[in-house]
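Everything on this sheet refers to the single structure shown next.
Should a chain be cited, it is by its letter among A, B, C, D and E, assigned in written order, with residues numbered from 1 in that chain.
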Amino acid sequence: MIIGVADTTFARANMGAFAIDELKRHTSARIVRVTVPGVKDLPVAAKKLIEEEKCDIVMALGMPGGKDQDKVCAHEASQGIMMAQLMTNRHIIEVFVHEDEAKNDAELAWLLEQRTREHAVNVVLMLTRPQEMTKLSGTGQRQGFADAGPARK
Amino acid sequence: MIIGVADTTFARANMGAFAIDELKRHTSARIVRVTVPGVKDLPVAAKKLIEEEKCDIVMALGMPGGKDQDKVCAHEASQGIMMAQLMTNRHIIEVFVHEDEAKNDAELAWLLEQRTREHAVNVVLMLTRPQEMTKLSGTGQRQGFADAGPARK
Amino acid sequence: MIIGVADTTFARANMGAFAIDELKRHTSARIVRVTVPGVKDLPVAAKKLIEEEKCDIVMALGMPGGKDQDKVCAHEASQGIMMAQLMTNRHIIEVFVHEDEAKNDAELAWLLEQRTREHAVNVVLMLTRPQEMTKLSGTGQRQGFADAGPARK
Amino acid sequence: MIIGVADTTFARANMGAFAIDELKRHTSARIVRVTVPGVKDLPVAAKKLIEEEKCDIVMALGMPGGKDQDKVCAHEASQGIMMAQLMTNRHIIEVFVHEDEAKNDAELAWLLEQRTREHAVNVVLMLTRPQEMTKLSGTGQRQGFADAGPARK
Amino acid sequence: MIIGVADTTFARANMGAFAIDELKRHTSARIVRVTVPGVKDLPVAAKKLIEEEKCDIVMALGMPGGKDQDKVCAHEASQGIMMAQLMTNRHIIEVFVHEDEAKNDAELAWLLEQRTREHAVNVVLMLTRPQEMTKLSGTGQRQGFADAGPARK
């Protein structure tokens, strides 16, 4: 079992290092890492991890900026990640933190780490115990900020 | 005949359970279920249900959030579901309830269940009695809230 | 020669019936019809008509709603129809009437029928006498409401 | 060498005729023409010109309307033209004049002709003398209205 | 090792020349250049550089205009570049400078050159020393204007 981790030099925290640290707490799977300039370079990087490095699943980690043009770039990156999954029949878990989700640099640093770690746990569950995911169906899980919980209490 | 059901841990009600309960009232087809984190993970999950689990049709169940960024995610998920259908020549019935369609949590819970159940009936018709769908052509059917009915009474 | 007709239960008039009636006035080609829930189910339905039913051309008939979310759905459906054409090298003529194009239900019913019929004529021309289409190049043709005509009178 | 020309009955001037007239002034390549209803029918028409008529390059000529919905259609058409190029490894030169780019019908007619003719010259250069294109790199060329010129004079 | 460079006649500075000059300072790889009219012609040009000219990586250099319609064109070009990468499993580094990012022509000329040169350095690193990219992970790198730096100082 091989897990791919792709991150960027654009992001403002070492998301790949957080992911690898968290993955190692939950699995002994081999991890392959690659770093690209920005979020739009992640889709092909993830696809290469799957097809050339034989990864079973990939984490695509990025921090889109807060400007309008950055939102468009994030959308293009997400569309690419979607297509890469469909072309390979492998999950690529997108972990994006938009810079303007955080009130300040301290919260941004916290969120970049927290969301990455929570998604890393998902990745391990999906790969090794998918039935655990189904137990969580419809429970309003969120990654980073607090969970929303179910609508009917 | 095999029906796939894919839902999410992000949604605020167990949409997969509603779908399976309703499907079983109308068909004895085998059902395969998978749960993923969010709506953007549904397209490849649905494609894998078709190609790896041999499903003839899939229900993709999700609850996009109400914020602007959530709308973009829903759009990306829908584009992925579209492409997955075209790559497999199989219908994937998208059942999305946007969190802001409902006035409050109680209505949200109701809508998540109601829309899922009505689409489950469509899935069975499409799979087993497609001519019944044609009888309903142009009658303004809606899933969840009330039907619109035909324009010319 | 086989013509496919795909329509929806969501629309508020029987667009498939209008199309078939008009097609039969102009051609003796065989017609295959299928009805799906909504516009987002049309692309794979059209692709299946081409690949499984051997249709030479398909009419994809739908009535997107007037709300913002409906506009997004229509866009996704159109992108799917585009891709289905490119994957099959066959024309799929999209006949969409947006619910808010009409002032009231009576005009909506009229427009759903009129636009469908005018596009059906195009379909027959494209399939049987493409040189007739070239004679109409740049003449500002519209389907449903009045033609715009050429810019240079 | 074969050049494809695809235009529409929706446009308000005979763009295909302008293209063919201009192409013939610069090349003796064979030209194949097809006319479709609107811009969303152009991508598959262009792809068929490449794959079925063996065209080396195609001009896709259209005039999107000025309303919001027309802008969406133009976007979908452009995405389709993009994908058709990637699926065939052939250039499809998109020549779109948005109806609201012109102040009045007279300017619209002029612009439809002028932009088409200038792009026809590009097509011949790309096909026969690509090194001439490189000489024009970064010179702020525009088709139709005046060139912008380089930023550094 | 072969590096492709694709640029446009629309841009207002010779981006291809800047790229080639910078690449040559850092690598002896062979460089193949092509120039097309505008950003929407770049994706297939880049794909042809990869598939027909055997380039290992490509720089796609363009300057989208500042109007709303230009933003749509840039988005379509970016989507095409994304898809071209996924179809070839090769990186295509998009270097776009939006005309309205700069306050005046002098800054525009500077930015077109500066961003191109900084991305050329990335291209060489990605191709020859990818582990150097990982050392820069999460450090808030930017191309052209000043780096953002890490969120946690």
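Assume contacts are C-beta pairs under 8 Å (C-beta built on N, C-alpha and C of every residue); 3 or more make two chains touch, one makes a residue touch a chain.
By chain, with names taken from UniProt: A, B, C, D, E = Riboflavin synthase.
No experiment lies behind these values; they were computed from the predicted model shown.
**Q** Among all the other chains, which ones are in touch with both chain C and chain E?
**A** Output, common partners of chain C and chain E: D.
**Q** How many Å are there between the centre of chain A and the centre of chain D, using C-alpha atoms for each centre?
**A** Computed value for the inter-centroid distance: 40 Å.
**Q** State, to the nearest whole Å, the distance from the C-alpha centre of chain A to the C-alpha centre of chain B.
**A** Computed value for the inter-centroid distance: 25 Å.
**Q** Going by the contact rule already set, what residues in chain A reach two or more other chains?
**A** As it turns out, chain A has residues touching two or more other chains at 79, 83.
**Q** Taking touching chains as linked, do they make an open path (line), a single closed cycle (ring), a hub with spokes (star), an all-linked set (complete), or other?
**A** Topology of the interface graph: a ring, with each chain touching two neighbours.
**Q** Provide the residue numbers of chain A that touch chain B in the complex, in ascending order.
**A** So the residues of chain A touching chain B come out as 71, 75, 78-79, 81-83, 85-86, 89-94, 98, 119, 122, 126, 130, 133-134, 136-143, 148-153.
**Q** Write out the stretch or stretches of chain A touching chain E in their complex.
**A** 7-17, 33-37, 40-41, 43-45, 47-48, 51-52, 69, 72-73, 76-77, 79-80, 83-84, 87, 105-106, 108-109, 112
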